[in-house]
Structures are given as C-alpha cells and as structure tokens.
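Should a chain be cited, it is by its letter among A, B, C, D, E and F, assigned in written order, with residues numbered from 1 in that chain.
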Amino acid sequence: MRTAIYPGTFDPVTNGHLDVLFRASHIFDNIIIAVAESEEKHPLFALAERLQLIQENIAQGQNVQVASFRGLLIDYAKKMGASAIVRGLRAVSDFEFEFQMTQMNRHLDDDLETIFLMPKQDYFFTSSSLIKQVARFQGKIDSLVPANVERALDRKFGHKG
Amino acid sequence: MRTAIYPGTFDPVTNGHLDVLFRASHIFDNIIIAVAESEEKHPLFALAERLQLIQENIAQGQNVQVASFRGLLIDYAKKMGASAIVRGLRAVSDFEFEFQMTQMNRHLDDDLETIFLMPKQDYFFTSSSLIKQVARFQGKIDSLVPANVERALDRKFGHKG
Amino acid sequence: MRTAIYPGTFDPVTNGHLDVLFRASHIFDNIIIAVAESEEKHPLFALAERLQLIQENIAQGQNVQVASFRGLLIDYAKKMGASAIVRGLRAVSDFEFEFQMTQMNRHLDDDLETIFLMPKQDYFFTSSSLIKQVARFQGKIDSLVPANVERALDRKFGHKG
Amino acid sequence: MRTAIYPGTFDPVTNGHLDVLFRASHIFDNIIIAVAESEEKHPLFALAERLQLIQENIAQGQNVQVASFRGLLIDYAKKMGASAIVRGLRAVSDFEFEFQMTQMNRHLDDDLETIFLMPKQDYFFTSSSLIKQVARFQGKIDSLVPANVERALDRKFGHKG
Amino acid sequence: MRTAIYPGTFDPVTNGHLDVLFRASHIFDNIIIAVAESEEKHPLFALAERLQLIQENIAQGQNVQVASFRGLLIDYAKKMGASAIVRGLRAVSDFEFEFQMTQMNRHLDDDLETIFLMPKQDYFFTSSSLIKQVARFQGKIDSLVPANVERALDRKFGHKG
Amino acid sequence: MRTAIYPGTFDPVTNGHLDVLFRASHIFDNIIIAVAESEEKHPLFALAERLQLIQENIAQGQNVQVASFRGLLIDYAKKMGASAIVRGLRAVSDFEFEFQMTQMNRHLDDDLETIFLMPKQDYFFTSSSLIKQVARFQGKIDSLVPANVERALDRKFGHKG
C-alpha cells in the first residue's frame, strides 16, 4: 500500500488545497494531509481549528486522513510509513522554493520521493494569505474556499456570516 | 471620462513611481494616485507625510489627484468611478505577485481592468526599501528620488541636508 | 482621441487574443489590431486568411480596425497616429521578451507607450502554436478559438468539420 | 492497477531520464516510457534506435515497458489505460512549458493527471541536446548517459569508442 | 594587486559559501570575506561567533582575510582598496535581487565591479536559513556545513554533539 | 598571469558586449575574446567580418586579444592557458541557460571557472538578433553598437550609411 503525505500550514485550507488533495488521492492508496503546527508563523487559526476545517471537507470513506505534525517532515513520513510527499506547484517562485526543499529532503532521506501536482487553473491565484487579506475586508471568497472556511473567516473577523 | 487608480504604499515615492504615473497620465483622462495606509508594514513615513511628498511633485493642472485609501482596492475604485488599476512591472518576481493580485481583483470585480507599465530602465533597480537602506548610510540617492524626498530622508535619518 | 495598436502574427487568432483585444477596447478610443506579415515564420495561414479570421470576430460598430503591417512597429504606429502598443502577458518568459521589446521601442520612439494586459486565466495555456499542434490531431479546441478558426483549422488539416 | 506514461523524444535517453523513470516506477504499478516519433525535430537517432537504447537499460522484471506513439498523448494514454503522465522538472523554463501542456491536457481529458518529479541534482545540467553538442567534439559524457548511449554517440559521430 | 570583497551575513557559514570563496580566491590576489553585522535580522550567531566559525575554516597562508563591516558596502570596499564584489548565484530569485543590488552599487560607485560565481551543484539547495531549520530538529547536515559549524549548531540548539 | 576567455558568436558585436569586455579587462590580466564559428546558426556576418568588427574596437595596448575557435570551449581554454570563462548575464532566461553550460563545463574541466558580469543597464535590452531586426528596417541603432558595426549593418542591408 502506497501512502503519501500532503504537508502544509493550511491557515486556512482553500479549494486549491482540496483540489491538489483530490488529485493526489487518485494516485496513492492513502493520503495523510499533515498540518504543521507553525507557531512561529503566528497563524490566524489555531492548530485544532485548522484540523477541523479540513476534516469537515473529507468525505466518509475517502482515502484521506487528517493529522498534525511538528519537527522534520521526513521523520514524520518515516513514522507514518509514507513513501512520498505531495506538493502543489503554482508559480515560478513556488518552483524554486520547492526545488530547494526537495533536494534537502532527499539529502535527509533518499527513499522518500516528492511529487508535484498543479492545481486547477481556477485556483492559481488563491493562497491562504491573500484570501485572509480579502476576507478581512468582506471581499467575496465563496468560490475560493469551502463553505465552513468562509463562515470561520467571517467569525474570526467579526462579520456576521 | 476614463479614470485610473495607481495604488501603492509610496514609503517614500521614488522617481520610478513618478515615471509610471507620468506614463499613465497620457493614457487616461484622470489618475488617482492612491496611498494605502499600510500600518501593518510599519512605514518610515506617516500617511500624511507620504501624501505630501507626492503632492509636492504634482504640477498644477496635471490630471493627477493624490488620495489615501484603506480596505479593498476594488471597493475604493468603484467609489471613485475608476475603470482601471495601473501597476508598474520591473521584475519576474513583481510579475508573479501582480498576476495573482490581478486575477483576485478580477474575481472580486470583473469590470475593473489592470494595466501594467514598465518604468524607464534607469529606475529598474530602485525600490523604496532599497533607497531607504542607502539613505540611512548617506549614500547618494539624488537621481533616484525627487528633491523633497531626498531632504525628507535626510531629516528622518538625522543627517543635515 | 487615443489610438492603440495590438500587434501580432495571429496564426491563427485565439480566444486569448480576442480577450486582450476586448479589454483594450475599453481603455482606448480606438484599437488597430495589426497583423505582421511574418513570412520568415512560415505561418500556417496566409496573411489574407489571418486578417479575415480576425475580421469575422469584430462586431459592427466596435472600436476596432483590422490591418496588416510590415517593417518596424514604431514606424507603423506613427503613421497611424497611435500613442500606445497593447501586449498580452501570460508567463515569465513572455515578460522577459516583452521587456526587451518595450525598451527597444522606447529607444526608437519615446512617445509611444507600451501597456500590458493579462488575459483571462482560462486562456493562460492557449497559444497559437499549441492550438495548431492539438488541432492537427483532432483534439478539441472549441472553447479556445472562435468557431470560424476551428473550421479553418479543420479545413487546413483535411478533417471534415 | 495504476499505469503512468513517461513521454518524450529521448534523442538519446540520458541518466537524467532514467533517474526520473526509476523514481516514477516506485509510485506507479506500471510505467510505459513512450517515445514520440518527432520526425519534425529531425532527431539524431531513428525511432527504432531510440527505443533500443532505452530497452537495453530496462532490467528484466522491472515494471517498465518501452513503446512508441504518435498523435495526441491523451489519446495514447486512454488507449493504454493510463491514469497519469509523468514529467521531469529541472528549471523555470521547463516549468512554464509544462504548466501550459498540463493545462491543455486537462482541457482535452480531465481524468488524466500529470505529475512532476525532480531528477537527482547531478543531472540538472544534462539534456539530450547539450550532450549531443559535447559528444560531437569528444567531450566526456560517461557519467551523464548509460554506456550503450555513449557507444552509440561515438559511432554516430564517427569516433572510435 | 586585485582585492575583492565577499560580503554576507554568514549565519552560519556553509560549505556553499566556502565553495564560492575558494573559487574566488583563484581569480583575485586577495579576498576579504566581510561579515555584515545585520542586527536587524536577529541572527542566531553573534557577530564574533560568525567571524570565528569562518576563521577556523581558512587555511594558514590562504589569500583570504575575515572581517566585519557595517554601513554601505561600497564605502567599506573603498576603504579596503577593493576593486570587486563577489556574489554567489544559485537561483532565479537570487538573480533578481542581485541584479538590483549590482545596479544600485554601480550607481553609488561605478569603479567597483560585481562578479558572480555559481557554487558547486551539491550546494544549490543549501542556505543558512534552511540549514538552521533542519539542525533545530537534529536532521543530518554534516556534508552541508564544516565540522565546527555542525558542532556550534548542536550547542546552540542544546543537542549533545 | 590570469587569462580569461570571453566567448560568443558576436554577430555582430554590440556595445553591451564591449561593456562586459571592458569590465572583465579590469579583473583579469589578459582577455581573449573568442568568436565561435557557429556556421550552424547561419550568421549574418562571416567569421572574418565578425573578428574585424571587434578588432577595430580594441584600443592599442589594451589587454585584449581577438581570436576565433571551434570545438569545445574547454579544449580551447586549456590550449590558451585560460583559467576562467567570462559571461554576461542580462535576464532570467540567460541565467538558466548559463547555469546549465557552467555545470557542464565544470563536469568537463573542474579547473576552469566561469564568472558572470552584468552589463550596464543601458544595454539590457540589446542583443545582436534584436539589433539586426531593427537595422534591417533602418531603425536607429547608433547608441547600441559601435560606429563600424552601424556602417557594416547599413552595407549588409543595402542602405546607404
């Protein structure tokens, strides 16, 4: 059985993330979407909130588990028996950062492969940080995030949903 | 009458910004140079200072107004009756960020167009942040910013002009 | 009256080109879509065909004229009284080429401005050359080009429409 | 059973290609390395030679088949029952081209996923065309291509092996 | 005698830095590796530590001096009689930043040349910040930094060496 | 004595090339500007013409020799006793190609270093091929190439100088 890990901060999860997750779930037998604690980034949503916002978008019976991790990704992957890391690629700047991370992860563990998927082009301009900027001022984000994330952003910024 | 908005933080305005503004003023009937408050960026110059440093470089009778805004740019553009946003493009990294913002702004308001202009190549290496770094240590910036900005930077960093 | 020129080879015109043209027609009073002869590129469609495929997509009363040119674009722009060149920007590689052309055109005529527009993201992956490759093997291109171009490609490659 | 296609011209196959193939063979149950005829590129090696140079590097019992195809990749993938395309990514320029191809292939067949793998960094500077340039003048290419390709290049350029 | 300056924060020095330094020392008569104080970046290692970690990797008799500086690099270069700045180039994002700095430094002092060297590809994925992230969680960094830096990182993060 | 080689096709030499050459001549004791025959590129100017157009721009007593070469650059460099290759860097696309060439040349000869210089920003938009396009239609190129190249282009394209 081939297990892959899809890691990130997911602060919050977007439709772009869910699109990459969905595509990856057709390639691997099992996907672990692994939420990094990332306290040093001062996330808007607490780890427990980020996990729940993802969990609510996973259909029952889907080959996806939601989990959190801290420390080195390769250590977590080994513990979970994963053979691959999944990453979304949208832009040239993503590409260079991802290249550096991939080479470092291979240096640390040569048996763990990294594969890249491109999200649907409708989501090429979405990122969690841009969505938070727009949501803060009540811009429409309904087609860019799932419904529960839209409501959570409204609550967080004190708008009534 | 076609109105365009040229938004930015302008901390402080440079000759590169003024070059883009001048080029845009030949394409549109009216340009609003819109200074974002950007408190979260901890600007060196207060909003009022940034507005004044620009205003002093606008000739009387020019089709340019100086204003400030906060919140979503598309909301401000609608309020002002603008049909376009003007942005300067200098580098590949600009390009990717601008692409993302443009697609997001179209998502929010499909009637507002974004147009890009390239500054004169003499200004390709100027940016407000690099100019502040150089001015702090009394490097020569005289051909990169207007005279009032040069004096304002001298005062801010405690150099005698 | 502000006139802009939208130049290209248009072998053949795509929905991406028409999208840029449409956006530009809201910014300028008059647009000349100027088809370069480009014999050295051995185009699939003759100049007259390329002109006609565009013309059939211009609504009556629209502020767009279809024309051909050879020689330097800046000479043609001057002859036509245009004050701006319009270009579409899709990718980083576009950006670098366009930057070089823009600086050269400014060197040749500093009064002629170049403005860039981004096509709708649905058309980011279309290019005339990729469309020709796909059409050659009867791949579906119906949402990427106008109907008359689809029929013309079918005839050119000997498929029955 | 998950089958993926690794397409290319492979004129000739390099250690970089074999590295990507090897990585992909750990992710999918079955890989078809599919050599495009590419007559319009005037390849140095005939299709039969290119196929043989690859075949000689596939170990018996490996989950890899060598085949050729012409026409649209998505049609070939459907015929072979493949659910994914595998591509190597080395550079920003690769990235932009691959992005365009991926979006076009999704347009043509939304069920066929494209995944990207990065070759080992030792092979980041190798490409079939650069290797041919070097081999023509008897530069050392021994660690960049398998031994049978080195001999084939020697024969092709009239050097004694 | 030609002197060049190789500036940076070096928090801490990596094998990639030492590779660039070594290459530069074959081109110039004398190299000054100049450590910027960079207090505003909140470095992990104090200036004195960063200087010592470098010094311990400079062989006796090598044409390299280790020094620190603050203020404008061009002022420091002039004071030291240097005719060139040396910089490593790894990625497209490096390139754009370096281009901007080079043009600014030429603006400030046209007699000071900037030259770029590419590190060995084994070090393309190393950066001081990525190494610190990995070392924090006891990932293996032994081939990416010199031995004294590995020990210093262990002490800093409270691991026993 | 340190000798460097500045290789290229130089069809024809531009002020951008001469600017890089001039900068390199301050770093090395001796520069060989090495013109590649490049018959496969069908150059506009014959090798002898390209050599002469450069030679006429080298001042007597300058530490620059003009020569031609064919075959692998590293073989030529070894024959001439050069320790470095000099290359100009203008754009991201240059960067990726140069990276690949540099790594290949290191693979072939690890003792030969490649250094990169950025031309003056006035020449960032010039390239031999763009200049030929403009000169063909009598666009002004006088500040982009030396006077003898301007005259040679006029003669080549049948314009009277």
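Keep in mind that, in the parts below, a residue touches a chain if its C-beta (ideal position, glycine included) is under 8 Å from a C-beta of that chain, and two chains touch if they have at least 3 such contacts.
As the structure is a computational prediction, the values presented were derived from the model and not from experiment.
Enquirer: What is the shortest path, in steps, from chain C to chain E when you may only step between chains that touch?
Expert: Steps on the shortest route: 2.
Enquirer: Going by the touch criterion at the top, tell me which pair is linked by more C-beta contacts: D-E or E-F.
Expert: Pair with the higher count of C-beta contacts: E-F.
Enquirer: Please report how far chain D has to rotate so that its Cα atoms sit on those of chain F, a copy of the same sequence, as a value between 0 and 180° in steps of 5.
Expert: Rounded to the nearest 5 degrees, it is 120.
Enquirer: For C-D, which listed pair, D-F, B-C or A-D, repeats its interface with over half of the contact pairs the same?
Expert: D-F
Enquirer: What is the distance, in whole Å, between the centres of chain B and chain F, each centre taken as the mean of its C-alpha atoms?
Expert: From the centre of chain B to the centre of chain F is 39 Å.
Enquirer: State, to the nearest whole Å, the distance from the C-alpha centre of chain A to the C-alpha centre of chain B.
Expert: It comes to 34 Å between the two C-alpha centres.
Enquirer: Could you work out how far the Cα centre of chain A sits from that of chain F, in whole Å?
Expert: Chain centroid spacing, chain A to chain F, equals 48 Å.
Enquirer: Using the touch definition from the top, which residues of chain B touch two or more other chains?
Expert: Within chain B, the residues that touch at least two other chains are 92-93, 96, 99, 102-103, 121, 124-125.
Enquirer: Which chains touch, pair by pair?
Expert: All chain pairs meeting the touch criterion are A-B, A-C, A-D, A-E, B-C, B-E, B-F, C-D, C-F, D-E, D-F, E-F.
Enquirer: In the complex of these two chains, what residues of chain E are touching chain D?
Expert: 92, 121-122, 124-125
Enquirer: Contact residues on chain A for chain D in the complex?
Expert: Residue positions touching the partner: 2, 23, 26-28, 83-84, 89, 92, 95-96, 99, 102-103, 106, 113-118, 120-121.
Enquirer: Please give the residue numbers of chain B that touch chain E in the complex, ascending.
Expert: 91-93, 124-127, 130, 134, 137-140, 143-144
Enquirer: Please name which positions on chain E make contact with chain B in the complex.
Expert: Per the touch definition, chain E meets chain B at residues 71-72, 74-75, 92-93, 96, 99-104, 107-108.
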